[in-house]
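Going by the order they are written in, the chains are A, B and C; count residues from 1 in each one.
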Amino acid sequence: MSFRKRNIGVSSGVDRTPVPNSSTQPQTATQSAPSTPGVRPSPDDGRPTTSTGSPSLDNLLAGHGGMPIGKLLLLEENGTTDFAGALLRYYAAEGVVQDQKVHVIGMPEQWGRSLPGLIGPAESADEKSDRRKSERMKIAWRYERLGEFGAGVAGARAPAGGTGDQVSSTDSSQPTQPAFCHAFDLTKRLTHPSIGNMSYIPIRPSNEPLLVSIQKKLEAAIASSPPNTVHRIVIPSFLNPTLYPPEVSQPENVLPFLHSLRALMSRPASRITAMITLPLSLFPRSSGLVRWMEILSDGVIELCPFPHSADALSTSGAATSHEEPPQGMLKTHRLPVLHERGGGSDQNIGQDWAFTLSRRKFEIKPFSLPPAEGDQEAQDNARSDKMPKKADLEF
Amino acid sequence: MPSQLALPHLLTPYVVSPPKSSLTVVSSVLGATGNWLVLRFLYAALGNSPVSHPGYGDPEFETRKKRRVVLVSFLRGWEFWRSEAKRLGLDLARLTEKRQFAFVDGLSELFSAPSASSQPAPKPQHYPGAGIAPRATLPIRSQPVPTLLRQPLPASSGSDGASPQTVREPGPTKRLHFAGSGLAALDTIEKEITMVIDELKTSGPGEDEDEPEILLVIDQPDFLLAATGLSKGIGATEMGEWVMGLQQAVSATIAMISADSPLIHNGSTFAHQAATPLDTEHAAFAVGLAHRAEMIMQLRNLETGAARDVSGVLRVSKGGAWGQREGAAENWEEKEVLYFVQRDGSVNVFGRGE
Amino acid sequence: MAPSNISHRQTHNLLLISKLLSLRDTASPLTLLLDSLEQPATPLIKEYIRRARLSKVHVTLIAFETLKPFDGVDAFIPARRKSPSEMLKEVGAVDSSVASNSSNRRRLILIDSINPLLHSTRLDKSFHLSTFLSSFIVPSGPAASKIDSSLVITFHQDVPGRPAQSPYAPQPLTILTYLATTVIKLHSFSHILAQKAARDRSLVPPVFGLAEEQDGVLLGRLDKPIGKDSAEGGVVLEMEYRRKSGRGVLEWYLLPPASRYPATQVKEVVTLLDDHPLYRPPEEVGFADGEEEPESTFELRLTERQRRDREGVVLPYFDAQQGSGPGEGGRILYDMGEEDDFDEEEDEI
């Protein structure tokens, strides 16, 4: 832990300011918070970030606690499931709730109507803290100390907060500040005044190449919105042949499109984030085209759902029998900002992640195989009351 | 302190003074990018503190005056390079003003259709309130936010005259456009880059009369190949010749390319999988460049999986053109080291097990 | 192999490589060098140039990937963005200048890499590799008949080629190897040694560089693999020479690093790979004479009578092997005790 503490000082020292982070942070927060809800400075280096709509994905993103503005996240999914689509819906819904401009490419308006319903920030925070209390003794002692996964990142870098999850702490300690991330319910429908504000760019044949016309419409839509708007670009199931004509998947169409998107987002004045999902079954990672799409993206996350029949495997993946079994593995191939700089130095790196999609949230946890089946004694031991205390003493 | 961190001594012999008319290839993979290494090259050429190492070219290079650098970037914008270089203590904006550095922007408008170029040129600092449509100027107001967030106290960045003007950087000098197809399109780009190079060569009134050494850094020229391809009449040979043309205009060249398995091995002779034209062309271009390079710096992930204190593996090898120069002083040797990029941008380079 | 055979092969094949590398008697008008990133052809090309200078052969370099000419090159023709016919014209121009200088009758044309030409998108249908190459060797000009040209082409094996327009036409590399009178494949000596060491232990020989198929690895060569000295810096040449009679000669040679001998050395520097002490260590003394058996205090041989007696012996339980009766042949009946550590895979009972 001393290792991370040292980094705080260094990261603030070189180019930005000799003032320690603790004093900079409130300052920057007060600067940005009133002007744009849903945008907060990264606890890592102060760059503006916005939430992806699911707290555990936010926490995965290399210590920024959210998606840095101007970055593009590519979600790849194996198989025919649509977990990535759920993440995308959270992302879009969060944008709607935060009054950001959401641009949906290639989907009809029905897609927007199927966004998950808002539960609200308070409820989710309450639920979370409740859950944490009730689970205190259940979580395996190693992870119990980490708190809500990823909270360690935020906690360690925000010395003022210090206690657990950034999301809940900002919510509770400063009730005046608008929530950064909301909770949604997949079984409900989102009703929000600004839902009509979403813009849809359909796939329609024109005399121009398809992606060029999409690009132009996108740029026009972004240029025509009022200043200071934060944009979200949502591209569900990119290149899927049921949506896109086959010639789109030629590299000379796809790559310039992504490149222009990157150019658009990296303009110093624009405040855009984008999320793209890609069906890996149709476009495997072993092909050069997909690799180039990944290189052009700032973050690459791959979802590998477990096969349906593998009940035994999925139950055994749960750390304890009280947790929900994970539904698949999640791999981070590239994280925004971090890998552009060279990679490494993230505490989340090198972990195996598992994800669980429930009605109310998409949860990403460290994947761990429990003690061998039938070794009930060991499992009981791991959950017994004495273990956590002992662990606390030792570490 | 940044100078000390900026150039780990294990790395110094490889990044200081690439020999004349040489090509150095930096290859990277998805999870181990080479931007930090490119920044080290920039630092070695432009940094303030004199680097007291003979470098991998002639030892006499050390005595020569500082080099000038042209950075052509296809995947990353000016903002990225400026802020990352700042972490090393290099003020690219100031260096641009002093005409020691020039940035060629291959990202912003490379594929924008001509009509789009009339759209808000995203350099609002230069045309505040110019007569573009009101929509076009909208970014101005939001501009201060990211700038402030990224560097709350710009004046304290160490450099003496970091006036607000230098913070509102002059921006890239040149933006590349790809238009048309085939050799003509490549020629246009080449011409634009050589124009920047020539400008940098001729500039510098009152300086020594001999032509300055120009170091050209090309960030991912392979993207140009991937995004255009055979349907536009551009193949590996054409791209290779394009790089050669630029090489002739400068004293040393560094090219950053991707060496991910799908891009290199699908097309290779050892492949077990059908290769797409993209794979084949990329492999032919990348391997062809490696044959022409004197030194190849290969970045890759740790074979044993990601680790918290290791970002990746760097292997420095002799390229296909090594040994072609007569009397090439052999003052570097092939080496494989681990590196770790810290959050503050400094880099540790160390051997395995150290 | 009989010793006389070896020495014959040695002298014969060494003469052959010497003739080939020095371009004597136009032994090989078209030589193909197959190199890779693991072992570039540069040392061999330099050796060609060195010998050409010694024997005053005019050297032309057609440069597809070289920016600056090597030392000792008389005519340097950059081939960047040139069409094949333009190249031919320039080479022809050099030709006539060579011809006018009557002291020089032999000529070496080097192509530093044929891959860019084969991979070019600008080649039209009328381009034929064989005609293009033969027009170097057999120039059409009147002055040309006096000059003996040898063409040495480098082909990078690891640069993938584009699939041919016609799937039925042979690949360019196939054409090249078919046309070439000599094919020299280059290997790094340290790799050859590593592979031999593995084979001697019946292990899978290691692969290097691109063949490793590792993410991000273009080159596997390292100067100093652990525990090796600089004696291995040579280049191994795997040569295939086609005689006019049609018979081929296959031989492996070793070209030592250029720093080992002076540039003016006339004596042959190339050796047979088999003669190198690191590749084939000298055999131990004592085993040298084939027929003699090792000496020992035991008498290992049998007399005729001993042999007959031995065959006559009936082994105990010979009958039990018939497989009938209560004990079912010679099976051992045994009850496992508690202390027995029974391993199923080991002793099948």
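The definition used in the following text is that a residue touches a chain if its C-beta (ideal position, glycine included) is under 8 Å from a C-beta of that chain, and two chains touch if they have at least 3 such contacts.
Going by UniProt, the chains are A = Elongator complex protein 4; B = Elongator complex protein 6; C = Elongator complex protein 5.
Bear in mind the structure is a predicted one, so any value in this text is a computation, not a measurement.
Taking each chain's centre as the mean of its C-alpha atoms, the one that lies farthest from the centre of chain C (Elongator complex protein 5) is A. The chain occupying the central position, as judged from C-alpha centroids, is B.
Measuring from the averaged C-alpha position of chain A (Elongator complex protein 4) to that of chain B (Elongator complex protein 6) gives a distance of 30 Å. Between chain B (Elongator complex protein 6) and chain C (Elongator complex protein 5), the centres computed from C-alpha atoms are 38 Å apart.
Per-chain Cα centroids separate chain A (Elongator complex protein 4) from chain C (Elongator complex protein 5) by 54 Å.
In chain B (Elongator complex protein 6), the residues that reach two or more other chains under the touch definition are 32, 260-261, 267, 275.
The residues of chain A (Elongator complex protein 4) lying in touch with chain B (Elongator complex protein 6) in their complex are 7, 10-11, 13-19, 24, 27-28, 31-32, 35-36, 41, 44-48, 69, 212, 216, 219, 223-224, 226-228, 250-252, 255-256, 259-260, 262-263, 266-271, 285-292, 294-296, 300, 333-334, 339-347, 349-350. Those residues of chain C (Elongator complex protein 5) that touch chain B (Elongator complex protein 6) in the complex are listed here as 35, 37, 40, 42-43, 46, 65-68, 70-71, 80-81, 113, 115-117, 119-122, 156-163, 210-211, 213-224. Within the complex formed with chain A (Elongator complex protein 4), the residues of chain B (Elongator complex protein 6) that make contact are 2, 30-33, 35-36, 74-77, 79-80, 83-84, 86-87, 89, 107-113, 115-116, 119-120, 122, 124, 135-136, 138-143, 145-153, 156-157, 220, 223, 226-229, 231-232, 258, 260-263, 266-267, 273, 275-276, 278-279, 282, 305-312, 339-347. Against chain C (Elongator complex protein 5), in their complex, chain B (Elongator complex protein 6) makes its touches with residues 21, 25, 27-29, 32, 182-183, 230, 233-238, 240-241, 244-245, 247-248, 259-261, 264-265, 267-270, 275, 277, 280-281, 283-284, 286-288, 290-292, 296, 298-301, 303, 315, 317-326, 333-336.
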